[in-house]
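Should a chain be cited, it is by its letter among A, B, C, D, E and F, assigned in written order, with residues numbered from 1 in that chain.
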């Protein structure tokens, strides 16, 4: 149990530290570095506590449930491989922490840096120890994201931003691919548990989805480990602070890819596809990286490409997939991490102390900084694979595998050659690094005078170089056992112990090593001059750079193409959108009806009535006329709309719907007045627009006409089909049967509205109130177009009569109508439940009564006499209706349960008293408020405009006086 | 007998009123001036109101009365607003 | 009383209107009275020029004359419309100076003239007290001038002033 | 007794609050209105949570496996209108309230001063949303749609300004047209089946005659077009990015859930009508939904990539999420089983909250010159003679490193929307993809295409958002001005909720799985509603 | 048709006459309205409908329903009242608007003395 | 009658659709009004046509529902009328505000650039 908790502690420690660090103040440099170092050290301590278990070949497990139903649990699993890797990560992390303490400048926020670094470490460690492939992907993506932040730590520079973004995009893409791959793996294996999957290799390789699975998996691994053709993000990531590079590109980030390859080689590997894809990519990367590295002038660039090249080597080994190959891969992972970290740190020291990383400027640094130079030379020698250094050993194992292992393909045959070429080039660039930077004449034009760095900045490098030497000389004593444990945990417990030795006798691998050393030296000797003078890249190759291809692709794919596509696929204009909407509706209706629409066999027809037909002739003509005139003769269109409306209303009445006719008429009046009010603010359109006569406009109109006709035909035929169908039993029947007994009213429509479906009405008044508020709010900020501010032409004519004159007689009658309309409103209101009418009709009537006063006189006249507070009305109305509805609760009934009963009043007799009436009062008040609010809000604009005119004139007059 | 008389009379009235509405409708469409259209709309309203009454009589129900009342009382509001717009260029000032 | 029922005549007629609309029963009467009071208050809030009806007796006479006139002119105009093909009819504008100035009286006059087919009220210029009419049949100009000046105007003046 | 009426509380509380606030003076009592709104919304949240519990465990009045019904006006179904509380509805209620509170708080920083009656409109919007989620009646659904649309018109136009009005005009025009289609659809359904009650419809649909069925299908299809407009489905969604972008930030945040109402309606109706009990109509429209969902995701993806501003990008990411859920609905309809629907619902929760947070972030992130006052002065058209509405802006700036907080918030939103771990976006997508892979009943090509689209859309979001984030946080050397506590707290609140969503993923997925299962099992819904007794029949004394 | 059968003959005949009269007058008015050439002429045509056209039908309706329902049904007269009161307003305002528009255009329809407002003093300065 | 009414619905909606597709906001408003007439009639027609039998019951007494017009579509239309009135008003106001802000009555707030 203690182990279990320790394990969890190990997983959480970096994240927890990261969070603590985030809260530290900017200046807490010492505290933050101590904290970070302690955290790393603590992790290491835990790991060492696990060592005996691991050595015994046991697998440690811990488990926290997260989303078990998706098979995603925080399962932790540590075997030898993971242990080794985690130790590597944490130890190099510790060194990087120490190093960064001295490397990072005064202006950099160290706590933030360490927080990111630790979060990254945690994520990396998460990949290593997660026992669930999905959780592994989670951590995988987290590393992508954290590395993005780390690379972009110095985001003031464009290079850092671009580098960070590239790294994020490439690795996150890989991560997503990996996710799918893992999902497939889990699907194939029947579990997402790593252990289960590792055991299900057979099943997975035989699965029908093996191909895509492999492709996606490799996509993930290759992008992370910067394999060709996804290698280019890595050099870009060099814009990061050097400690970050030292960490990310030696032990962590890029190694995650190869970790995955090695881990899953037994599961997915062993097939030809695997071999070709992985070893092929590895070989190409190995050589390509080395070639480019040779030509880089930037110190970190050289190291970056060398990293790529070495990763290619490890990948190639993973592709081979044999037991020894895996062991070699693991060994090289460690070795590379050690020497590359030291080299990056050394490069950082050089950069830090001289102010440049350009190898063309750096020269003869051995003299000012001999100590550092020695360390760097040893590390570089390890990179080159010089005997007695750790790099030599693993490289030789690679050579041995390349020579010994066979599966009979051409790639297999070519493997040794790739190995030699790669190694020679690696010798060459290592040599170049040593020779140019430390030897030769001492550079004089460096930005800073070079000298040795602070001692603690060098300590990590010293330690690492020491490890290089120790491992190189006593491999079996140092790393041997644990590498074997790790390899066994990957390749199977039955793997025999492989003894790593410095001396195997004179054999092919040794010869190859020597050849590589020789050829490498030769290459450097021959090309040293041309390289330092030449462009940053080998002949021709520097022109086709992955980065540039990537940039081009990214730009095309994520910016130009989508924009282009959007321009074609979408539109900002309203008309096409409405057209699409109509067309879609037509299309889906046609899709549903095509070939299936049938009319009832015996049509249920009523004999046509000539009067009705005649009036619809008018109605139809009005509709078409309105459509025709709406552009140039808005007023005429409005009148014609009125015509169509009144015929519609007649239709309602004709087919037994007095309530509808009534409401439609009232609304019609209000709408017409509203539209008229709006008409005042529209631009005058007297002359025809010339463009309208052109062909495109005509084509547009014709097209819309076709759409309109199809739409009209469609809806007409559906309506016809429905109307002529036999009657079905429906809800209406029940309402008719029960309205009186259950609802207590004879007007079924009204009973439905205020009782059966009162909730609809409840919502409807809310809509009215909302719209009223919106209109009011919108008009508060209304600003008329400049030409509309002027009073209309009619008022500015030379002999235009005044309004009072015009309305002298009519206004008298209109004022008379006020009380009459109030009575009529009352009439409609009280009739509602039994006969046509109701709260809505009454409300609109009352609103119109007010409106008539406004029309008959003017705003100031009316408002100096009556104060309508429409918003108050609305609020009270809404509250009354909701209170009525809630009243039912008091009696234990649901909301809006109506109670109707007859109350006996002396002399008067039975008087119906229904709560529905109260509800209707609410409706009434809301409607009055909303309609008045809308009308008056628009009407006030004229007043405001005229007031504004007056103010302007007054201002002008004042100016004149002055 | 009375039913026949009334049926004929009311049927005639219905057609006559519809026709009247139709004629108003032609004026509504033809114009030529805005005031003609407004006047025509008013006439159409009146015809339809009368049609409501006649239909109500035909069916023997008083349910169309409200609609007719609304036309009688409110119909003028539309026309007045339209006329005022013609005269002043705005309805409420 | 005047505060409660600012326009008794109006309120009374509103109650009447209410009863016409509904039914003669006590319940409706009470309801109608209440409503008409509200309507009356609303009306008085507008501060209209308060009509002072002096002579009630004249009203029936006015109504009778009016109804008769309407019938006559209906027939007249209908005949003219139907026989328009002969093309002898001419319409005309005419100006009539008016003596009455009371708003309510003018409104009633407007109603009378409009209700009588054949005459259309075009404009009334308050400064000069001139009424501009359009008449359907130009030959009847003198008749209308007579009717307005000698029949309706005196009656209205009698009622309102 | 109170618990009996709790179902309707999410509708009534905002209604009463909104109406009550109409009686308050807009300027002097703004503070009071704010607190009233907060109290109201908090109450809604509490009740919604309670309702979730009820939906999970079964109601106490009438439970058909956790579905409770509320007979409005005490009329038996299908005659009266019924409110139905099931897991889905309860979940959406909680989501709405969760989004509303931060948005309200945010609005109090400045936006509520931009025009009159902001809080009332806001409450009415909530009422519309809650009602649309609760109602069990097709026409009543229309009414609630109109309420929420009307309120959204008002809120979108809140503050006025050219951009907003232009976008608002398109928004309104298209939604008006869509509402008309809604009416046509509903009336056709009534014409064929003679009912408006969803449960009744579900019962009747298998018995519709052969001749009538095409008409019914046409009705539902037209209805679906109306929903699709609201859901932002391609090709009916071109208005959406502009409109959402133009809206004031807190409104934009609420809009994040507006598209989901359309999705909700489609989900609810299609599962109810064309689920397994649909007779000859089973599976109607599934392929169309899948294709449209995919097209929508694709469109949103392109939009995210090609957007220059964060607002537009956020709007497009809303499209992606609604397209995803639409597509999954199609799959579920085609017989895909509840697992993927469960994932989609979970994803929906996360994406709504994240989009909301993102909308709230837009403004502080883009506020390059000057504080809130300057921004408001720019957006407000300070015309008018009586509009001296811009009272002083609170200057309680936050002295925290605004940049860091903002960038962390932004990054979390990005992670969520891009579907990267460990946020709910990832888990939701994971669940969907798992289910899609495991599903054999579906056409494999479509399923794989959908998976690819899901992944690619996440990736595109990442690219687009990273671009914007880098531009905002890294590339501009203008120091961001201070951020108001009122602005950043809601965002943080939303993100905390997101984190909890992720942490409690198992519990939530269990809930959504139950929801998805209930959606597939239409019988409980369809028959449960008829089993609900009226109060009048339950008590001894007859209804008065 | 049962409601119509309930009407006794001596009521039916006047009702029928009134209905026919009213509708015929309305039709004539509409006919004139469609045929007349000048707006001012057309102004007269609808008054046929609003005076006796409406009157006839209202009386008929009131008569008939009073008989059918066995009580005085006079709510139709409200319609008549309203028509009588409101039509003048419409016509006046419309005519006045037409007059102004014609004046503004110096339309030849108007005789010379109508072109300007009669005896108009200086037009009051407009705000 | 059915033919007349469906033709009427067709014509109203065709005119409405045509107008809604036009570029001027006023045209769109008129179009929406016409469309809402059409839709109201359409909803109404779903209850089948029943001339001369309004859904107003005599007091008391049992009635045969098939003799009366279907009241439910009528109730729906009533709600629809009110809502479309409100939304039309709103659209109108947005239209004039947009015209004020953008200076044009084109629905896109800017003239089509050729």
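The definition used in the following text is that a contact is a pair of C-beta atoms (placed from the backbone, for glycine too) under 8 Å apart; a residue touches a chain by one contact, two chains touch by 3 or more.
Chain identities (UniProt): A = Monovalent cation/H+ antiporter subunit A; B = K+/H+ antiporter subunit F; C = Na+/H+ antiporter subunit E; D = Monovalent cation/H+ antiporter subunit D; E = Monovalent cation/H(+) antiporter subunit G; F = Na+/H+ antiporter subunit C.
Values in this document were obtained by computation on a predicted structure and should not be read as measured data.
Student: Where the contacts of subunit C (Na+/H+ antiporter subunit E) and subunit E overlap, which chains show up?
Tutor: A
Student: If I average the C-alpha coordinates per chain and also across every protein chain shown, which chain's average lies closest to the global one?
Tutor: Minimum centroid-to-centroid distance belongs to D.
Student: Just curious, how far off is subunit F (Na+/H+ antiporter subunit C) from subunit B (K+/H+ antiporter subunit F) if you go by their C-alpha centres, in Å?
Tutor: Taking the mean C-alpha position of each chain, the two centres sit 21 Å apart.
Student: At what distance in angstrom does the C-alpha mean of subunit D lie from that of subunit B (K+/H+ antiporter subunit F)?
Tutor: 48
Student: List the centre-to-centre spacing of subunit B (K+/H+ antiporter subunit F) and subunit E in whole Å, with centres computed as mean CA coordinates.
Tutor: Taking the average C-alpha coordinate of subunit B (K+/H+ antiporter subunit F) and of subunit E, the gap between them is 10 Å.
Student: So what's the Cα centroid distance for subunit A and subunit D, whole Å?
Tutor: That gives a centre separation of 17 Å.
Student: Indicate the residues of subunit E shared as contacts by at least two other chains.
Tutor: 29, 31, 43, 45, 50, 75, 78, 82, 85-89, 92-93, 96, 100, 117, 120
Student: Can you list the residues of subunit C (Na+/H+ antiporter subunit E) that touch 2 or more other chains?
Tutor: 17, 21-22, 107, 110-111, 121, 125, in rising order.
Student: Would you pick out the residues of subunit B (K+/H+ antiporter subunit F) that each touch at least 2 other chains?
Tutor: 14, 17, 19, 21-22, 24, 34, 38, 40, 59, 61, 63, 69, 73, 75, 80, 84, 86-87
Student: When you check every pair of chains, which ones turn out to touch?
Tutor: Those chain pairs which touch are A-B, A-C, A-D, A-E, A-F, B-E, B-F, C-E, D-F.
Student: What residues of subunit A sit close enough to touch subunit F (Na+/H+ antiporter subunit C) in their complex?
Tutor: 572-575, 578-579, 582, 603-609, 612-613, 616, 619-620, 623-624, 626-627, 630-631, 634, 637-638, 641, 644-645, 647-648, 651-652, 654-660, 663-664, 667, 670-671, 674-675, 678-679, 681-683, 691, 704-705, 707-709, 711-713, 715-717, 719-720, 722-725, 727, 730-737, 739-740, 746-749, 752-753, 757, 760-761, 764, 767-768, 770-772, 774-775, 778-779, 781-786, 788, 834-836, 840, 930, 934, 937-938, 941
Student: In the complex, go through subunit C (Na+/H+ antiporter subunit E) and note every residue touching subunit A.
Tutor: Of all residues in subunit C (Na+/H+ antiporter subunit E), those touching subunit A are 10, 14, 17-18, 21-22, 25-27, 30-32, 35-36, 38-40, 42-43, 45-49, 103-104, 106-107, 110-111, 121, 124-126.
Student: Any idea which subunit B (K+/H+ antiporter subunit F) residues touch subunit A in the complex?
Tutor: Where subunit B (K+/H+ antiporter subunit F) meets subunit A, its residues are 14-15, 17-19, 21-22, 24-25, 28-29, 31, 34, 37-38, 40-41, 44-45, 48, 51-52, 55, 63-64, 66-67, 69-71, 73-75, 77-78, 80-82, 84-93.
Student: For subunit A, which residues are in contact with subunit D within the complex?
Tutor: 65-72, 112, 134, 137-139, 141-142, 145, 148, 152, 155-156, 158, 161, 164-165, 168-169, 172-173, 175-177, 179-180, 183-184, 186-187, 554, 558-559, 562-563, 565-566, 569-572, 574, 576-578, 580-582, 584-585, 588-589, 591-593, 596-598, 600, 715, 718, 721-722, 725, 728-732, 734-735, 738, 742, 755-760, 763-764, 766-767, 769-771, 773-774, 776-778, 780-783, 871-872, 874-876, 878-879, 882, 885-886, 888-889, 892-901, 944, 947-948, 951
Student: Spell out the residues on subunit E that touch subunit B (K+/H+ antiporter subunit F) in their complex, using ranges where they run on.
Tutor: Subunit E residues touching subunit B (K+/H+ antiporter subunit F): 1-9, 11-13, 15-17, 19-20, 22-24, 26-27, 29-31, 33-34, 39, 42-43, 45-46, 49-50, 53-54, 57-58, 60-61, 64-65, 68, 73, 75-76, 78-79, 82-83, 86-87, 89-90, 93-94, 96-98, 100-101.
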